[in-house]
Structure formats: C-alpha cells, structure tokens
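Remarks on the structure that follows.
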Amino acid sequence: MQILQVEGSLVCTSRHEGLKYSTFRIVRDASGKRQVATDPVGAKPGNWVFLASGSAARYAAGDFEILTDLTIAGIIDEWTPEETIEVAS
Amino acid sequence: MQILQVEGSLVCTSRHEGLKYSTFRIVRDASGKRQVATDPVGAKPGNWVFLASGSAARYAAGDFEILTDLTIAGIIDEWTPEETIEVAS
Amino acid sequence: MQILQVEGSLVCTSRHEGLKYSTFRIVRDASGKRQVATDPVGAKPGNWVFLASGSAARYAAGDFEILTDLTIAGIIDEWTPEETIEVAS
Amino acid sequence: MQILQVEGSLVCTSRHEGLKYSTFRIVRDASGKRQVATDPVGAKPGNWVFLASGSAARYAAGDFEILTDLTIAGIIDEWTPEETIEVAS
Amino acid sequence: MQILQVEGSLVCTSRHEGLKYSTFRIVRDASGKRQVATDPVGAKPGNWVFLASGSAARYAAGDFEILTDLTIAGIIDEWTPEETIEVAS
C-alpha cells in the first residue's frame, strides 16, 4: 500500500453519482505528485496515511459500489519520509 | 485516482463492440503523456478531472460490460497543477 | 487506456492453453518499450491503438477465460504522437 | 511479484476496521521507496520477500475481506540485490 | 503483457500455503529489474517470455486460488530486445 501525505480536501461539484457522499482528499507523494483518494477514516491535512488501491479501495470505501480506486486505510502514528525509521519486529 | 486534463475527443471508427456508445476523451498529465478515458460526466477540453482506473472504471462507465480501464469520475472545480492548493479539512 | 503503436505479430509456439487461439500483437510506446497484446479488432502494423488493461482485457478478448492483461480496444483514425491534437468536444 | 526488503513494523492506531488484526510491515525497494504490506508469513526486518499485489493480496492475507493491496507471500532464502544470482532450472 | 527474460529459479522454503506447489522463476527486464513469476509453461533460463499480470495471473497459474500476480503465459520463439523486430501481420 502506498504511503502518502494528505494535502487537503477536494472541491468537486460535478461528479459521478457512483461516488455518492464520499469525502475526497488530495494526497501527494514525496515528489509532490498528487492523486485523489476517498477517506472513510477522517484524515487531516499533514497526516501521513497508507492507502488501498485497486478493487480493495472499493471495499475500503465502505460500499463496494463506490467508484474509487484509492482509499485511505489508516493514519500512520509517526512518519519520517525518506529517512530510516525505527526497526521493530 | 489520477488527476488529468481533458485535451479533446477521440475519433475512432474501428472499435471493439464492447465499448458500445461510450464517449471517449483524450486526457493528459502534466508531462503531456496521453491516455484515452470514457466520459459519463461530460467533461470539456481544458477541464481538470479525476479518474477511476481498473475495475472501478467499468462500474463508473455506467455499465460493467463497457470495456474500459479509465473513466472520468468528476470535474475538479479549480485546479492549479504543480502548485500547493488551499488546504481545507 | 494506453495509446500504443502496433509493431507486428508475435510468433509463440509454446504457450499457455488459456490463451486459446488469440492473435497477439507486439505494441510499443513512444519510447520504444514493447508489450504483448491480444487483438480482437484486426489492427495492422503501424496503427495507433488504445488498449484495455487489467480485468477489462479479458472481457475485451471476447472470452473472459482468455488469460491476457492487455487487449486492443480500438484503432485511432489519426494520431500524431507527442504533439497537440485538434481539440474538439 | 515484487521483491522487497522488510524494514520494520508499522505503528498505526487509527485504522480502517476492514484491516482487522493484520500485521503490517514497512517494505522498501532497492532505491529506498517504502510501502506498507500485510504479513501472514512472519517476516523479520532485513528479510527479502516477494509480495502479491492487487486482488491476490486480499486472498493471500488469509481473508478476502482484509483491505490490503500488498501481502508478503514468501521469504527468499538468499538474495543478492542488484547482482546476478545463480541460474538454476 | 510484459516481455521479460527468465534468469533462474527461486529458492524459497518459507512461503504462503496459498502458493501451493507452484514453480517460481526470477524474471528480469532489460534494465535488470527483477520480479518473481509463477511458471506453468516450463520456461528455461535465458528464454524471453510474456507474462499475464493481475487477476489473469491467478487464472493462468492453473488454479484461481494460487496467490500470484505474475504468471508466464508463453515463450517467445525469437526475441531481439531493444531492436526492431520483423513486422508481419
């Protein structure tokens, strides 16, 4: 699962009805590349999150009918991008 | 979900019958790389859109039998590529 | 859906029976990277085509049991790679 | 299947209930890019592992309902990254 | 479908039971990047092969329950990497 940082929310008034009442977040990787993800977890701007992609994203959105390919699955408690983190087994 | 800009429509007279009467758009990323997406939303050239890929694209096309792997899911109200957008939670 | 150019056919006498009697094409992107695609459309060398990937490729192959992940979905009437095409809505 | 090295465990107190009681590992490739994977195998930090992605990851997690897109499938006995390994048929 | 070269077999004594008795091959692309693939075809080191990815890989493995995302689908009779091959329709 990708590790990305939440940048903010997405304003989108014209959208596919299959997206229902999903909350969207703009997420970005270390290089600044941005994507849109559905967020059933309630992440905040600045949070580092990991995300389920593909068909798992639809399940994770809480309703298999929600037409997303990327969903926030969890918020990482502490994250130092691009550095070695503590190794614990 | 990827964020791409609509460039225009695609003219394609020889196509797989599984594509039915879908409308196709040429979409491109910031580097100019282009793909073809089905469009059930009615996006216009210049619009920035986000797109569902994989099996979600078929659901989003309005008919699971439509043989696409990329479908426009929504039009973003305002988008400034490659710059920081307003952060709102 | 990716946009690729047909380079030619693939000769492959030892293959998985799940591929059945599919026709294969070698397709390449602008940088020359090549992949193998099934072709239910009848594309010719030099044609620019767009292709369905993932599970859509199996549906597009005309038989969900055909074990492909890339299938030609349509032949583009005119295509100028790496240049701006006419924008029409 | 990708070949990645286990870096450590992931601490994540706020997570999607669909992840259940999965164990998560941080895994990284040769360039240091990190992802999160579920681990039903019991890999240790430093192990080189290969991982199933996509819908196979959910099956491999031991429960199709677990909302992951990357699962450790096996631990490689010996691995020398970026060098030619012994060829055996 | 990706075109890769078989490098050798993989020794892996600790593995997920969902992989059953699959034969694994190490496969690499022109740049040397390596992945693990299941092999129901019997490819030899040095062979150039094309591979089904995603859910097709599970079907191609001969048993949908085998937890792979990459399976060798056929051996290419002749292959000259990075050069133009004969064009035949």
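We call the chains A, B, C, D and E, going by the order they appear; numbering starts again at 1 in every chain.
We take it that a contact is a pair of C-beta atoms (placed from the backbone, for glycine too) under 8 Å apart; a residue touches a chain by one contact, two chains touch by 3 or more.
Keep in mind it's a predicted model, so treat the numbers as computed, not measured.
As a whole-number value, the distance joining the C-alpha centres of chain B and chain D reads 32 Å. Taking the mean of the C-alpha atoms as each chain's centre, chain D and chain E sit 19 Å apart. Touching of two or more other chains is recorded for residues 54-55, 57 of chain A. Taken as a graph of touching chains, this assembly forms a single closed ring in which every chain touches exactly two others. Ring order of the chains (start at chain D, first neighbour chain E): D, E, C, B, A. Remark: chain C residues 7-16, 18-19, 26, 32, 34-37, 44-45, 54-55, 57-58, 65, 67-70 touch chain E in the complex. Taken in their complex, chain B has these residues touching chain A: 1-3, 40-42, 50, 52-57, 59-60, 71-78, 82, 84-89.
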